[in-house]
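Quick heads-up: structures coming right below.
Consider the two complexes below, in which subunit A is the common component and subunit B and subunit C are the respective partners.
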Partner chain A sequence: MEFYLGILQTIGFHTLLGLSAYLLLLTGQLSMAQVGFFAIGAYASGILTVIYGLHIFLALGVGAVTASFFAFLVGFPALRIKGLMLVIATIAFSEIVRLYFFNLRWRIEKGGVEVGPDGAQGFREIRYFAANGWEPYQIVSFIWIVVILVIAALWWLDRVKVGSVLRAVGEDELAAQSSGVNLTIVKVSAMTGGGFIAGIAGGLYAHSTTYVDHNSFTILLATFAVAYPILGGLKNVFGTLFAVVFIQGILIEGLRFLGDYRNLLFGLLIIIVMNFYPKGLINIPIFNFSRRTKKGDT
Partner chain B sequence: MLNIENIGKNFGGVKAVDDLTFRVDKGEIVGLIGPNGSGKSTTINLICGVFPVDLGSISVDDRNISKLPTHERVASGISRTFQNIRLFKELSVWQNVWVALQKDSYQSLGWMQEWFGNSKIQKERIKEILVFSGLGDRFDDLAGNLSFGEQRRLELARAIASKPKLVLLDEPAAGMNSDEVADLRQRILDLRELGLTVLLVEHVMELVMNVVDRIVVLNFGKKIAEGNPQDIQKNIEVQKAYLGGA
Partner chain C sequence: MEYIQISIDGILYGSSYSLIALGFSLVFGVMRRINLAYGSSLLLGIAAALWVENKLNFSIIFFIPTVLIFCSLSNLYVERVCFAPHNTKAGVVVSMISSFAIWMQLDEISAQLLPDRTHSFPSLEVSTFEFGELFFRGDQILNIFIAFIISAILFLAVYKTKYGIILRAVSNSADTAKLMGCNTNLVNSLTFIVAGVIGGIAAFLVLSTESQVTPLFGFWCTLKGLVAMMIGGLGSLVGAFWGGLLLGLLEAHLSYQFGPVFREITTFSILLIVLIIRPGGLMGVNIYKDLKSRDERI
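Up next, the complex of A and B:
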């Protein structure tokens, strides 16, 4: 049981991380900074519950706002660069964040024990859930309530004008500008929103694993974050969810019996999927339930 | 309406537009013609703010817009279509128009409703624009699935959705057969009926000569002639520019 709850948790964090990258991809920004925002959310909310003794909801909220503030700042220089250059710049940002936490030492005495981030030793004792008697199933439910809320918010965004404007910017910046769209506002808002989602994900991650260190926030995780929406497709939010379930649930957990061959198959399957469904898993016919696809388009 | 004074633009030493001055009055349809590479598209891009002018000024209704970013020029009443169709192909037809809908086309909405609403007022306005553009029956289709002629019409619909005073059409007849050109001509005249002013950049003389009030001719970034279509057809300079005579 624990094992399956663990997978559900992992799928939950990765879905949030993927959705934060999804929001940016809608506007055409391929960002590797999501893991940086994830780390900021994790450390900030961890520090708030451990050192300041805040309630988890408040700590997650403040952590997410902190992450979105940094995302807002990253959003401005990101306006001027595109494609590969943006990828490199955002990798640099994530690495700066990681190295900052690698060096962050902030220990205090609490109840006779030293707590807080301890540089390369990592940040242990993020025990809010255990200290307040949360059962594992309650933690998983809490994570999934957040995931569902974020999915609902992004789904709704596609039903209002903002959704069309985000996608318009992603498709053709010049045409969007010429239609009166302010690119600065749209792209910086998307970055800020993506930072917020990644920040919440980070806070949830830190509290449910009780331990984070700089190794939890490497570029590999940022690669996963952008791989999910790309593999899943940008047609709607469920593409990202499918991709996370596909990769984390089926490829990584389901194929454990294959041992080392798993990694080989993993890459191969992604290549196959991208070849047959270049616009993502969401376009596989069995998923054709949305109104748009009934019209017979690709 | 549109007043262009002594504008210039260099691209790495090449004078794409050189000391160009002309004006477009309210309600006029003005043609901007010239051989390939004469600076027509550059002029359109300068008016829209795709890149800034090096020299001179562009004003709309006596307001200098030469320093404004593109989206603010749209707000001040300029909209355009593109030489190579640039629709949002993954969006539906009505969403393409929705993106361009500006606030003053449905003033009763607050900004929250404008951006986060999905209101009847907006939908009705979009429907109206699409019916006017002859796309009333393609409301829900993906823009990428439209035929070439329909895509051109949708670009025009998107251009009028921002409630412009001046519409810039960049070679709208490119690739069209003569029936489609006739339809386009009628649509341009319809724009004038709406009270819009039109600047038409075009190669297809069949269209230009039959629709415009006045023509401005460019060659090597300079204005070489200006006048009504009959005079332009007789103009020796213009004939030389087109036939390549020196």
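Up next, the complex of A and C:
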């Protein structure tokens, strides 16, 4: 049972991370900075609950706001650079964040034990859930409530004008600008929103694993974060969810019995899906719940 | 005198970055794609060659061609699987994600071929020598010499030969080149093979100066090659050469001033600053302005 709850937790964080990249991809920005915001959220909320003893909700909120503030700052230079250059620039940002936390040492005495981030040793004492008697199923339901709220918010965003504006910028910047869309506001707010979601995901991750270190926030995770929405498709939010379940649930956990050979098959399966459905899993007919059934309609 | 020694060390070390960046630059220049699996395909080439060498036990004269053959084969595999199916404009992101998926696969195969964490690598028996108070490592001088020769040959081949014209035509506009009767698929595959040969030489030289292989080599290659390429200039062969040397020089000085932990942080900060101020790299601005990809949506 614990094992399945663990998988559910992992799927939860990865869905949030994927959704934060999804929001940016709608505006046509491919950002690898999500893992940087994730790390900022994780460390910030961890420090708030451990060192300052704040309540979890408050700590998560402040962590997410901190992450979204950094995302806001990243958003401005990101206006100047596009496409593959943005990918490299955001990789650089994520690595700077990771290396900052790699060097961060902030140990204080608390109740006779030393707590706080300890450089390369990582941040070990994030035991808010255990200290306050949360059961594993409560933690999982808390994470999933957040996931569902975020999915609902993004779903709603697609139903209102904001969603069309975001997609218009993603489809053709020049045309959107000519129709009176302010590119700066749209792009920077998409980046900020993405940073907020990634920050919440980071806070949840830090508290449910009780331990974070710089190795949790590598480029690998950043690439996973962008891989989900692309593999799932940008048609709607559920594409990302499908992709996370496909990769984390089926490919990573389901192929565990293969042992070392899992990674061989894992890469190949992603490639096969990409070859057959370059526009995403959501376009596979079994996932098609829309009224229109015309082929090639995306 | 101390500063001169550090500068020399940095430049000599940077020559290995230059070599790797050349392969990256070639692929980016022709296809406008980022191959995240480049380092891993080099690692796989090295691992396969070492595995064959263990089985057959032959001398270093046969070892070098084996490395080159395996590196170009693994590069060709990456091209066929990740880049050939997605050579439309919309496929830029998809091919990047595919190359990420294949990265994990290649790393896993390398780990199967070389089960130890570190594996010794045949080193070239070149001694160090002194010039006044300055020390030079012979193998690193060989590196910089070979890097220079390769970039000169590549430059001449691209700008002075008929094959170079075909290459540049495909790079400029693949569709037009196809209409003029160029076999773009073949050109792309050959580019990857050449990049594999250059990468194989680079990997061999880098590893023989360090005289050991670790599983992290692939990631190291991808990251350093990418950064050196971006600093020097996108798709510019000369830029890649100078970018690598500049990166080595900066890293050596900054890690001497602020300690080794700052080595990586400064690398990424430099990259971020260069990208924001001059997107397209220090030497690639003109090329970048011509590039339609600047405004192309990724």
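Heads up, the rule we're going with is that the second predicted complex is superposed on the first by the 291 of 298 C-alpha atoms of A that agree within 3 Å, B and C clash if a C-alpha of one lies under 4 Å from a C-alpha of the other, contacts with A are read in each partner's own complex, and residues count from 1 in each chain.
Basically, a contact is a pair of C-beta atoms (placed from the backbone, for glycine too) under 8 Å apart; a residue touches a chain by one contact, two chains touch by 3 or more.
Note that this is a predicted model, so its numbers are computed, not measured.
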{"item": "Contacts of A:Tyr100 with subunit B and subunit C, given as first, second, both or neither", "value": "second"}
{"item": "Contact breadth on subunit A, by residue count: subunit C or subunit B", "value": "C"}
{"item": "Which of subunit B and subunit C A:Val162 touches, first, second, both or neither", "value": "first"}
{"item": "Contacts of A:Asp172 with subunit B and subunit C, given as first, second, both or neither", "value": "both"}
{"item": "Subunit B versus subunit C as contact partner of A:Met274, first or second or both or neither", "value": "second"}
{"item": "Subunit B versus subunit C as contact partner of A:Ala92, first or second or both or neither", "value": "second"}
{"item": "Touched partner set for A:Val181, first subunit B, second subunit C, both or neither", "value": "first"}
{"item": "Contacts of A:Leu264 with subunit B and subunit C, given as first, second, both or neither", "value": "second"}
{"item": "Subunit C-contacting residues of subunit A that also contact subunit B", "value": "171-172"}
{"item": "Interfacial residue positions of subunit A with respect to subunit B in the complex", "value": "159-162, 164-165, 167-168, 171-172, 174-183, 292, 295, 297"}
{"item": "Subunit A partner contacts - residues on subunit C that touch it in the complex", "value": "32, 34, 36, 81-82, 85-86, 90-94, 96-98, 100-109, 111-112, 219, 223, 226-227, 230, 234, 261, 264-265, 268-269, 271-272, 275-276, 279-280, 293-298"}
{"item": "Complex contacts: residues of subunit B adjacent to subunit A", "value": "48, 50, 69-71, 74-75, 79-80, 82, 86-92, 95-96, 98-102, 114-118, 122, 140-142, 144-145, 158, 161-162"}
{"item": "For the subunit A and subunit C complex, residues of the former touching the latter", "value": "28, 30, 77, 80-89, 91-93, 95-96, 99-100, 102-103, 170-173, 219, 223, 226-227, 230-231, 260-261, 263-264, 266-268, 270-271, 274-275, 278"}
